[in-house]
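There are structures below to look over.
Shared chain: chain A. Partners: chain B in the first complex, chain C in the second.
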Partner chain A sequence: MNAFELVRPTRLEEALEVLSEDPETVRPFGGGTALMLLMRSRLLQPRRLVSLDRVSGLDRLDLDGEGNLRVGSMVRLRDLELSATVERFCPAISRALLTLSNVRVRNVATVGGHLAHGDPHMDLPPILLALGASVVAQGPAGPRQIPLDQLYLGYYATSLQPGELITELVIPPLPEGTRGSYLKATALSADDWPMAGVAAFFRLEQGRIVEPRIAVSAATTTPVRLPAVEAALAGEAPSEALFSEAGRLAGRDLHCLSDLRGSAAYKREVVRVYVRRALQQVWAGR
Partner chain B sequence: MAERRIAFRLNGREVSCTVRDHETLAAMLRDRFQLYSVRESCAQGLCGCCTVIVDGLAVSGCLYLAPLVDGKSVETVEGLGEEGRLDPVQTAFIEHGAFQCGFCTPGMVLMSHQLLQENPQPDQEAIAHYLSGNLCRCATYPEIVEAVRAAAQGSHVAKEEKSHG
Partner chain C sequence: MTREVGRSLPRLESEAKVTGRAEYIHNLTLPGMVYGKIVRSTVAHGRIRRIDASQADRLPGVVAVITAAEVARIVQDPYYGPAFHDQPVLAVDKVHYVGDPVALVVGEDRDVLEAAADLVAVEYEELPAVFDERAAAEPGAPVIHEVIRPAATFTDLKNLKPASGSNVAMAYQLRHGDLEAGFAQADYIFEDEFHSHQVTHTPLEPIVTVAEPRGDGGLDIYTSSQSPSFVRMELARLLKWPENRIRVRTAYLGGGFGAKLYMKLEPLAAVAALLLRRPVKLSLSMEEQFYTITRHGATVRLKTGVTRDGRMVARACTIWWNGGAYADIGPRVTQKSGFTAAGPYDIPHVSIDSYAVYTNLPPAGALRGFGIPQLVWAYESQADLIAHRLGIDPWEFRWKNALRPDRPHATGTLMRDAGVLEVLQELKRLMRWDEPFDRGSGTRRRGRGIAIGLKAAITPTTSVAIVNLYGDGSCAVYSSTVDMGQGSDTVLAQLAAEVLGLDAREVRIVHPDTDVTPYDMATLGSRSTYHMGNAVLRAAEEVRHQLRAIGSEIFKCRPEEVELQDGHLVAGERRVSFKEAMEWRFGMQAGNLIGVGSFTPTYKKPDPATGESEDITTFWMVGGNGAEVEVDTETGRVTVTKLVTVGDAGKALNPGLVRTQLSGAALMQLGFTLFEEMRFEDGQVVNASLADYKLLGMRDLPSSVVAEFVEVGATHGPFGAKGIGEVGSLAVSPAVANAVFDAVGVRITSLPLTPEKVLRALKEQAGEIWEEVE
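For the complex of A and B:
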């Protein structure tokens, strides 16, 4: 690892000030699990790191007056996993966390770092995208809210501006009766990073599917919603045939990357199967 | 090169030292405190050989910056048990032969100890799940799971005996 200086401010304004010095060589440090990998392999050689661990006000985890779940950027993934509030709010999030990396990484990794990294092989972004979540970012120009579908621009590329920090994740409440599921396929080993991740949510009204939301990640360069598949599901009665058709549509047009976890064609096939299975799971209420 | 003086609790003792800002926790514990149970193998957070407990939470020493333990409490496997008496997890590992070469053992023992703090009666699935981020090149997994079950049983029995006076 290259030599760098670590700064540990206690106030957000201080952190933003140091970051504004030179966003090229000064980087925010959440839990550091992703940064350490990059620095240890010398893909990243920062001059200064701004650790956010002592910055006050970044650790809330509660529901606001409108029923949104609000999660401070320095909340650790393990706290999210063990939170009864999160489990009541959306059990699919709690379940996904159980197989996200390992306990030691979850003890240290933060929500802000997880969302800012922009690596498509991450488990929470597709779920949060399907849920219509957004992040609050603070920067030299003041605070702004970025919906997740506008955060991820490309492979490791986000719309965060230089010197901007994620301070909070905001997840709107799910309409009553909505159920969800997240499934991931791993390629290199059972507990590898996902090669394809599929999040599916819907609710039933008079036996018909209402507000279906499907998102895919890892197989793609960014997490993406699949509007065409959602349109094909909306208003229909759930059935095996319908879910198979949804899977077929999902795999058909998806732009996938070939990499060491599989060819693009293989990933499309995996997505086809996993979209079907995720929908079956939601239907079965598991 | 940026460095700083830090003070923290190490295996129950107050210590202080000078560390470089970019030093890892694993390197500091080995190089400055001769705690060779902390072993770096994958350097990627995957294998658990570098497991260290920081403020009661297991972390990968290879992905953790040393300066961040300033003011915190740090435990390695050397700090388990008491003088002349092993921790129940350590005893169970020995009794079940839960190692071959022993390289992964400090990490496995610390993680198992953590698991039992959080969940005193884990079933096989819970043990396998909690230890999924610890790799054993000698593949002594069945013995490790057995040892953790025995340790859970043992500490359970010991606690009951105590409470029955």
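For the complex of A and C:
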């Protein structure tokens, strides 16, 4: 690993100023779980790391006046996992965190890093995408809010501008009665990166599916919502046949990537099955 | 009555390990020490046109850049290897795989060295490369080593004849009975091919060596090696020095599994230290281990003739071992494992052809089982297949064909002291084989499978031990057996304590230091308990003999009447402590009582034409595994819910350690079975990290892990004990695959059993089309 300078500003403005010096060689540092691997394999050789651990105001974890869940970018994944607020707000998030990597990683990895990394194998982005979440980014041009479906542009590519930092995650409140599920398939060990992740949410009104949201990750270059599948589900009565059809549609529309963990064809099979199973789980209220 | 033998004493070093106080070479720093970083080949096969180190040399902090030209100043003939002298200290003219060491940059700052290594510019003329063991063995394949020179270090390898001008480095053959006549008697003939994949050891402490030139012209080597005696011998040969100028020390190893055998970093560290006249530390990263040593991939073809009533009458085995670019110990795997390829079965007509094949992949060597798991994968998958085809219960089929006591193995050696039947019976009991079994429903189907493997101890090899009783009556054992987590310190202490009437916890085990501890062939192949155990027993008995002689003088009785109990000499009502005995003997608290024990088993070299010998191995190892699995028929995912391991321990000197060795080996092999796999693109490992080469984790453990042993005493083992370190790994893969077959009716013939592979097979079975996607 190359030598680097570590700076630990206490104010956000200070951090942004240092980061704007040269976004190529000056990089932000949250928990370092991904960054250190990149540096150790010399894919990334920053000259200066800006640690955000002392920056005040990035550790919020609460509901705002409008009922949005607001999560500061330096909140550790482990804190998110153990938060009663999160559990009440959306139990699917808490459950997903239990098998997100391992507890040693969750203890140090941060929400901001998890989202900014742009790695499609992350567990939270598909859930957050399904929930219509957005992030607040701050940079030289000031703050802006980026909906998650506009954050991920490609494999490890985000729409964050040079010098821009995610400071907050904003998840809008879920309509009453919405239930969700996140299922992931791993091809290698159980604690491996997911090979495919599926998030599914809907609620029932008079026995009909309302506001279905389906997102897929890991099998694809970025986490994606599946509008065609959602459209096919909306207004229908839940049934095994409907969920199977949703799975079929999901597989049909998806562009999967072949890699060590599986061929594109296999991933598509798994997405078909997991979309169906995730919907069944939501229906069963598990 | 024994007090120490048979006692489940916890490992003596447990406390030091959990409190972070155990010694590892990984943590060693010496005054004035510099670090080295290996520059590795980026091509799979090529001639080196030019090495330009000038840019790296100019980088501040770089002390030296060493290439083959500098190596030649210290070692004129830089080739080494336990079987063939085919591996140069640094690449000479040619590189043979992606990762082959080409140069070494040396400096004080390891981070600078990484940058420096990138700056060493190497130009190659690429040559055609070959990666598959079958393709490499074909005539016309690019020849990887033009000339192969045999080593002659080990007796058992002396008659290996390398074949130059071909990638088949060595061909071993066995001919037993009359194969054609055998197949003529058969009602059915089964021909199947099975494939094992490349995996690697991933010891938690990566391979590390520190070399330090001594003021007196000698050299000290501190190394995480499983074979310190061999390292000294081979380094002395390379340097043309007497062995006594080189001192090799080890400490605890953070795992070995065969990765740290023979020479790894030692020659390069030694050369660098001698060139620079200062201590040099070379330590691999986890990633670099993938480029250093692996387990052989193998293709095994079996043709088996069976009678209608389920007796195997003839079997022809052909094995191609993917040895990678350097032979390492592959030729021993080819022969010593090769000769067991027909399995623990009584088959009158057998032929075996086993080929060590060079390819342009990282070198393959020994990994917990010495090639046996690859063979068991084939013969136990086929055994299951035959049993199902014939409508015979898989356990009954094995029982019917099992080699019974005093029947000849295919080598001609009679089966003695081998618990084939006992292991089968215990496996049946623990698997509740005769009881009804829940087969699952819907998309979750359950199945169970068993398998059994046979391994021969590598023979002949030597172990020497010294037992030293100090002036105060305390005791130390000097042994070059390396404790890499298997618990050898504890067991050797128990053996010495048993003989001397001490508590094992009071016995000090002196770790390998070739200036101090005597010769041991190596810590490998489940040999230490048996060989070093015998040596320690003999050494302790010599000390006991001396103590009894002193006792007989003190007590005025015959030596045989003197008992050794709790650190005392006892005769009837009279007792004196060992300390008092020493004072009586030396006139004060002084002196030593020293016992030396040496053990080399008997052996008869096999006939080169038939491979037969009436004394091929000093003991047989038998291990069986059983698995219950759940298969998700929609995703192909296999979940092992129960894993049973049974090994023949001969006599369990420490039952607790025997069980953990059995379960540890089985779980390691379970990772290899389910998903561990080195993946290559054009010879380049593409998953050389623990992020992409996943090991079995806690959440992958079967909910039930059962490890038990049977005890069929070895005539020449210490108290009847045999080695157990590899036994648990032998039959895991076919047990799991057989269970998958039982669950869903698909037979996977190529490891690992990834969900994708299983799902594809399920779709094929159902006649469904698998749509490929671009």
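As a convention for this text, the second predicted complex is superposed on the first by the 286 of 286 C-alpha atoms of A that agree within 3 Å, B and C clash if a C-alpha of one lies under 4 Å from a C-alpha of the other, contacts with A are read in each partner's own complex, and residues count from 1 in each chain.
In this text, contacts are C-beta pairs under 8 Å (C-beta built on N, C-alpha and C of every residue); 3 or more make two chains touch, one makes a residue touch a chain.
Please read these numbers as outputs of a predicted model, since none were measured by experiment.
**Student:** On the A-aligned overlay, A:Cys256 touches which partner chain: chain B = first, chain C = second, or both, or neither?
**Tutor:** Touch status of A:Cys256: second partner only.
**Student:** Using the touch definition from the top, say if A:Ala265 reaches chain B (first), chain C (second), both or neither.
**Tutor:** Second partner only, chain C.
**Student:** Contact-wise, after the overlay, does A:Val273 reach chain B, chain C, both or neither (first, second, both, neither)?
**Tutor:** The answer is second: A:Val273 touches chain C but not chain B.
**Student:** May I ask you to decide whether A:Ala84 touches chain B, chain C, both, or neither, giving the answer as first, second, both or neither?
**Tutor:** A:Ala84 contacts neither chain B nor chain C.
**Student:** Look at A:Leu37 in the shared chain and tell me whether it touches chain B only, chain C only, both, or neither; answer first, second, both or neither.
**Tutor:** both
**Student:** Touching A:Ala241, do we find chain B (first), chain C (second), both, or neither?
**Tutor:** The answer is neither, since A:Ala241 touches no partner chain.
**Student:** Considering only touches as defined above, state whether A:Asp191 meets chain B (first), chain C (second), both or neither.
**Tutor:** Both partners, chain B and chain C.
**Student:** Shared contact residues on chain A, chain B side and chain C side combined as an intersection?
**Tutor:** 1-3, 37, 102, 191
**Student:** Quick one: which bits of chain B touch chain A in the complex? Just the residue numbers, please.
**Tutor:** Touching chain A: residues 1-2, 20-22, 24, 43-46, 48, 51, 57-60, 62-65, 67-68, 111, 114, 129-130, 132-134 of chain B.
**Student:** Inside the complex, what are the residues of chain C that reach chain A?
**Tutor:** Per the stated touch rule, the residues are 111, 114-115, 118, 287, 634-635, 637, 671, 675-676, 679, 686-687, 689, 691-692, 694-700, 754-756, 759-760, 770-774.
**Student:** Which stretch or stretches of chain A touch chain C in the complex?
**Tutor:** For chain A paired with chain C, touching residues are 1-3, 37, 41-42, 99, 102, 185, 187-193, 256, 258, 260, 262-266, 268-270, 273.
**Student:** Help me check something: in the complex, which residues belonging to chain A touch chain B?
**Tutor:** 1-6, 32-33, 36-37, 39-40, 49, 51, 53, 78, 98, 101-105, 107-108, 191
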